[in-house]
Each structure stands twice: as structure tokens, then as C-alpha cells.
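First the structure, which I've put down as C-alpha cells, then a few questions once you've had a look.
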Amino acid sequence: MITCLGDVFFPEVGVAMVRLLRRLGVELDFPEAQTCCGMPLFNSGYHHDAAEVAARTVKLFERAEHVVVPSGSCAWMVKAEYPGLLKHDPALRAAAESLARRTRELSQFIVEVLGVTRIESSFAGKVTYHDSCHLLRGLGESSSPRALLRGVPGVELVELPGADQCCGFGGSFSVRLPEVSSAILEKKLGNVEATGARCLVACDAGCLMQMGGGLTRRASRVKAVHLAQVLAGEVEA
Amino acid sequence: MSDTALRAPFPERAGAALKDTFLQEALTIATTKFIDLRRESFAGFPQGEALRDQARAIKEATLQRLDAHLERLADNVERLGGVVHWATTADEAREIVLRLARERGVRMAVKSKSMATEEIDLNEALEHAGVTAVETDLGEYIIQLAHEKPSHIIAPAIHKTKGQVAELFSRELRGEFPADPEVLTAVARKALREKFLQADMGITGANFAVADTGTVVLVTNEGNGRMVTSLPRIHVALMGIEKVIPSMSDLVVFLAILARSATGQKLSSYTTLVRGPRRAGELEGPQEFHLILLDNGRSRQIASTLREALYCLRCGACLNVCPVYRQIGGHAYGHTYPGPIGILLTAMLKGNESVRELAHASSLCGACKDVCPVRIDIPRMLVELREHLDREKIAPWSERVVFRAFRRLLMSETAFRVSARAGRLLQKPFVRQGRLRGLPLLLGRWTRTRDLPPVASRTFRERWKDLR
Amino acid sequence: MTARADFLARIRREVAKAPGQFAASAVPRPPHPGAAAEAIRRELTERWPQALERFREEFERIAGVFHRVPTLEAVPSVIAAIARERGASRLVTWDPAALGFDPGPVLSRDGLVVAAVRAGQEDDAARERHRAEAAAAQIGVTGADFALAETGTLILLSGAGRPRSTSLLPDVHVAVFGRDRLLETLEQVGVMLEALHADADRSMSGAMINFITGPSRTADIELTLTRGVHGPKEVHAIFVEAP
């Protein structure tokens, strides 16, 4: 599941993920009719609409043994919210529960399903990691991404102070309350730059859009990248 | 915040708070400290997680038989010689207190901190009726002198720096006081000691009320809670109906986690259990005890999606970790209860229309749910609230149109692909150094402060055929 | 004001509409609280030294001042020393019958004015006199009904001869207790409270129970901790070893 933001704005992340997983021996398919998990609709309260998108998505991935998502929030949406959204139709609900079981965020897939934590990558340098809210609190995941980063021989992982604090994206929040969103972002980027890292790593396109957008706007030397890009050695200089 | 400022739309109020450097400094200091204190406290407390689960279960179990517990509570209070009053609305609650004050010749009342009394605007009503109402909690005393409302559920004056407090005291109490918390506290101690000894009535809230025994429980630190319930001749306790718990065995579960969640203390300095008016052999204590049970919109939530919000212990932990509260403080929310739980409580007490903007004052990060001692799923309820705003057509129709259109886009791969291509074309004038800047309209709100990545020259699905 | 029946009926209606979020129960009450309380007391007669150690640790952690004396006879001179150190001249104490000893004679010899409450004198004149004495005293001396080790908390029941303000109005509060008062956990406190209230009229002569965990404090100004807001600035615990 590539995600809507991933498809349109960060295709390089999807490409890195594909190359990485193939290198790890995984056979991949991309159901081309996919669009979005529907979370933006859900979070803004448009649940009827979100349920329609969920029903469509559930059918698209019926035959996949595993569904891998390079985004904590989208994986969370599928695993935590799809069954509830589709609870009024027993068949769809069962399908949603099945999909929820088969879906994992990328780092969780690599560590839990493939059992891999050490990946050789051409990437080298100091990085710092931001815990996306839905990956951290929704899926309870903070160790797999760090384990994978530490497992790359050339990577030095520096803990980000306040790593577990929100970056201020929050979906439509970022444009409904842009000043508050930006103030939250400022705090985050202050911490990021203080680490002296070359790259800020995250597992969520929304966070990367927000933090990356802030970093380039202030002409920072820090680059915001996705975990997949680091592991696949596909970070642009 | 002035009244005109409060009538401005929420984004404006938030914007003003962001520009207030005093406030920003105060908020950062206070919330960071609270966060660290709470974390430390729970780190050394492995039983904490099980106790939180237990506390949540007690609250839910109590709601399932709320009427029975309230009935038992009332019977026990009356058996002890207390008087129970039943206030469906804020108006009724105010009337009860005013009538009591009138009938008993009350000229001055001393108050221990009570958010419930803030909720019903009791102080104004008392002042209007010619009764002097003195706030005795230091933070409440400060904001009373400043003619402001509390900005945090447990630390009402947290938006003020010590310099501001010193200035305030010097002006209102006619003295020259340095910006030293020790000195300022001593000033308040002296000024308020006299009031405690002279007041006719003591007014409190209630953190808990034990149905089994008719006991009202106050969790405090300063000693004012003890003063106002022991020195004046009348004690009035105003209590939301959701504060009742079944037994003393339940009470100690909450005591074990409440102070830790609020301030990182194992227990607050004082936990006071009040069982009616003074007994026959007591030298001290009020002759009269009145318990006012307040509904004010709470019962309506029992069967609604906001039910869990009734578990709230008013500890303030969710405020301290909320990225939004930490940036804008309590006043910008514009209602009695700020922060994540405040949005839910406001909807509960004033209806969904009152939170049409506030329901979106959250990035749904979930930090609040993480720290809530009774594990209230605040993000879920905020999303439910947003769903109500859509369903009840409170959300602006322009927004609903946009989201409906967005859904149509997501339901069709063709539409999705075509939109991406259209975006690629339309964005051309705005691409600077590989980034989007200066976008118009809604997206302009983003690009004012942040870059946007452009729509990729080849989307993932366009590249898939080469990857396959 | 709404009538009780209408108020409760409304709640009953709402409760009936709601199935509840999940199956939940409150904490089960001890079926025989008196026996359960007895059992705890028996256990503590064995474990009191450890409980005391823990109490002392926690009490000092929250700025309590801990003293230990071999017998009740030694207590008054400790109080006198505290008074000297604080430059105090007036004290107020619980009824010596409630304290288990009378510090009056020793303290008066030191030139201190001691106002001891006497149970059985509860007319308005006595009330006024007591209020004036309590307000003027610099030190208040009480017993403690329980001493909770887990948190360093003193638990005081109000009642005849044991007024509420003795531990509240003076700047310094001194509490005297022995090994039979020690409890280890909040959970045990719960059992004790159940037992007390099972027979409330007999076990409690007052309407208030106070848990006192250190001196009065606030952090309302910039989260800077200050002590002695409205209640005492200092709390002393005098533990008497002799059983």
C-alpha cells in the first residue's frame, strides 16, 4: 500500500521500499487501483465517506498475503479503524479484520515478519529519528525503526530530544490552524537541528511533508528522509 | 483575555497567544515541568498501569448504575445531618448558593479551588448579591485579583510569570513585593489567613464523593481546602454528578494515581474526607453541610459518544502534553475547561455548536490518551465530535462540499490519476528550487510558513511498470 | 431546584439507554472489614520495623522532620527543643487523653504557653477561646491515627478533644505516634477506612479525616515549589518506640 501522499509526492519512497524489500527476498505486487486509505475523511468526521473508501480498499487487497505500508498513520487507519467503519456489513467487516491482521507498517514488517534488523546500505552519516504519533501511540511501535537504523553499519543514530512530540501535521489541522501547526513545527525543528544530524528520519509521509517543508523553508542543512530511503541507500546527496 | 478578545474566532485567539512572548515562556516552563514530574512519578511506580485500568473500570461501573450510587450518597449525607440539593442547571446551582447565603446572613465566603464553581460562574453571582467571595487557592487568588479566568485545570495562574504576579500583588495589595515566589506566597498566606477566620461560608468542589459513607473528598496541597471546611459555620460543596464513587476501597485506587498524574506527587499534601457537618463532640467544623449535585448537561452524555469524558478526574495531565495547549495556553480556548478534555467537556456542557472550531484544535497525536489516568480516548471522541459536526451540518457547507469531492476522487483510480496530472500542470507557476511556494487559497496557509513538495514528475503508479 | 425524584429519574432514563462501554466492576469491598483490619494490624506487629524505615524515608523525602524516642516520657523535651529552635512561645495540643500523654507540665516549665483542648467542653465560649488559641499558637501537637509508610502520610481523625485546626493553623505541626499506627500501603488504608465506617458512630467522634503528606505547599507561581501556604510550613513526626 503506497499511500496517496506516497504515490503523488514521494514516489521515491515507494521505489526505495520496493527495491529494499526485493533485496530482502520479498515478492511484491502493487494493486494499481489503490488510491488512499481514507484517513483524511475519517479524521475530519466524514465517516460515511471514509467507510466507502475503506470498503473499496479492503476488496483491493483481498488476495495479498501481507500488506506493507510505508506510513504509520495509514497502517494504523487500516488496522485500528477499518473494522469499526465497516461493522454494519458482516462480510465487509470480516474482510476488514482480515486485512487488519495482514497489514503492517514497513519497519514492523521487516523486523517482525522478515526477522531482519541488520541491513547493509550505502548510506552513511548521523541521523536522528522522529516518532510519528500514529506509529508510536497507535501501533505501539518505537523500537523497530531504531533497531533498523542502528543495524546499518554506516549510520550513527542520535536520539532526538522530544522525539515523541507531535510535529504539528495532524492532516487538515496543518491548514485549519496553520499558525499553531507551524509553531509546533518550529519547536520540533529546533530540536532536530540541535542534534547535528545530517538526516531526519521518519516513517510517515505526513510528518515528512511537514518537517521537510519546514527544513527547506529555513534552508536547513538537515534533510528529511523516509526510513526506506536510508535502508535502500537511496538518499540524494 | 478581554471580553472582546474572547469573541474573536478561535484561530485569531490562538494567533494572539502565539505572539504573546510572556505566555509562551510561561507555558514552556510549566508544561515541561509537569511532564517531567509525571513521568518520573510513574517510572518508579510499576503498579501504576494496573491501577489506571482499575480506575477506569470503577468509573465505567459507576456510570452503569449512576442513579443508585447518587441515591445512596444522598441518603448517607442526609443521615449525617447534611442537606442535599439537586441542581439540573447552572442557574439552579447558583440560586441554591445565593438563597443559602441570603437566608444565613452570609457576608463573606471563602472558596477552595473548584472548577465546577467556575463552570457556573458562581463568583459573579455572589458578588452581584453582595456577598464577598474570596478565592483562597493561591493560583485562583492571583487570577481573582487580576480579573481573569483560570488558564489551566489545576494551576490556574500558570500563564503568569513571577514578575507579573509581583506587579499584581504590589498594585492590588498596595505594597512593594519582589518577584520571589516565597515572598509572594507569604504575602498571600497573611492576607488570606484573616479571611479564613472571619468567613461565614466555605465553598468547595469535590474530587470524589463516596456513596457508601456520604463522604466528600478534597485533594489539595495548600491547606485552604481544610480551612474552608473547618472554620466557617457553613460548608457548601458543589459537585458534578460524575464524581460519585461507590466505596472507600474504590477511593484509594484513585488516590494512588491522581496526584501522580497531576503533579508527580505520591499524594497531595492534604486529602480531606468530609462526612457531613461537625459532630456533637467537635469543637470545630461547620454547623451546616450542603452538598449540591450538579447535572448541567452531564446526564445527557451517559448514552452519548462523549460518555467516557465523564470519567475525567480533572488532573490536567492531558493539557500538559498537548502540543496545541502547550502553544496557546488555556485562555485561547475561550471556555471554562481548556485543553483536550476541555473540548469534550465544553461540548458536553454547552452543546456541539460551541465546539465547531475547537473540535479541530487537535492534531490527534494521542499524547493526551497516553497520560490520562483513566485512559479516556480523547482523540477518538474528538473524531466522533467532528462526525457530529458533519452530520448535524454544523461544519460549514463549503468544507463538506470539498470533502465529498475528495471522496469521489478517492473512489476512482482514473479520477485520482487525472487529478495528479492536473496538479502537475497547475503547480508550474509555483515551483521554486524544486519546492512549491506561494500557493493560493487553502494551500497558501501551508506555504506561508512551509514548503510543499511538488507533485512528482512521475508518480509511483506511473513508475510501477518500470519496476515490475 | 429540581426535586430529587425528577433528578434521579432523568439519570435513570439515560443509564437505561446506554449499554455501557465495557463490562466493568468497582473494587470488591472486604466482606468482613473488621476482621480484615485486625489481620492487617497483626501483620504489622511483625513488620513494623520495615514499615517505620519506609515511613521515615518517604516522610523525609517530602520535607518531614523525623524524630525517634524510646518512651512517651521523652516526647515533651523533643517538643521543647523544636519550640526553642523555632523561637516559639505558644503551643496548642489535643486533649492529653487523646494524645496518650500530657506535655503541658514539661513545656510550661520551659516557659511555653500550652493550650490543651479538653473533650467535653464544646459550648460557644469554648469554641471562641479555642479558635483564638489555635490562631495564636506557633506549634500544634497531635497524635496520628495511622502513619502510612508508602507515602509518608499521617492520617488524623477529628473528634472530641482532637480538633481539626491543631494540625492546620500553627506554623509547625508535631504528630506523635507509636508502632501500632503504622500501615504499609494505600490499599491497607482502604481496608481501615472500610472498617472505621462499618461502625462509624462508634469508631469516629468527628466528621473529618485528614491525610497529611508533608507541609502545606504550592507551585502555582511558575511551578516554583514553596512551603507553608495556608497550612503548616513544617511537619514533625515523633515516633515512640515503646509498645
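Just so it is clear, A, B and C label the chains in written order, and each chain counts residues from 1 on its own.
Rule of thumb we're sticking to: a residue touches a chain if its C-beta (ideal position, glycine included) is under 8 Å from a C-beta of that chain, and two chains touch if they have at least 3 such contacts.
Since we're looking at a predicted model, the values are computed, not measured.
Novice: Measuring between Cα centroids, which chain is at the maximum distance from chain A?
Specialist: Between chain A and the rest, the longest centre separation is with C.
Novice: If you average all the Cα positions, which chain's own average lands nearest?
Specialist: B
Novice: For chain A and chain B, let me know how many angstrom lie between their CA-based centres, rounded off.
Specialist: 32
Novice: So the centre of each chain is just the mean of its C-alpha atoms; given that, what is the distance between chain A and chain C in Å?
Specialist: Between these chains, centre-to-centre, one finds 54 Å.
Novice: Could you say which residues in chain A touch two or more other chains, in rising order?
Specialist: Answer for chain A, listing residues that touch two or more other chains: there are none.
Novice: Contact residues on chain B for chain A in the complex?
Specialist: Against chain A, chain B makes touches at 11, 14-15, 18, 323-324, 327-328, 359-367, 369-370, 383-391, 395, 399-400, 403-404, 406-407, 409-413, 416, 420, 423, 435, 442-443, 445-446, 448-456, 458-464, 467-468.
Novice: Residues of chain B touching chain C in their complex?
Specialist: For this pair, the touching residues of chain B are 26, 29-30, 33-34, 54, 56-58, 60-67, 70-71, 74, 80, 84-88, 92, 95-96, 136-139, 142, 155-158, 160-162, 165, 181-182, 184-186, 188-189, 192-193, 196-197, 212-213, 215, 221-224, 226-227, 229-231, 241, 245-253, 255-256, 263, 265-285, 289, 293, 295, 299-300, 302-303, 307-308.
Novice: In their complex, what parts of chain C are in touch with chain B?
Specialist: Touching chain B from chain C are residues 1-4, 6-8, 10-12, 14-15, 17-18, 20-22, 24-30, 58, 117, 119-122, 126-127, 130-131, 135, 150-153, 158-161, 163-165, 168, 186-187, 189-191, 193-194, 197, 200, 204-224, 226, 228-232.
Novice: Mind listing the chain A positions that touch chain B in their complex?
Specialist: Listed in rising order, the residues are 2, 4, 6-12, 14-15, 18, 30, 32-36, 38, 40-47, 49-50, 52-53, 56, 133-134, 137-138, 164-166, 168-185, 209-210, 212-214, 216-217.
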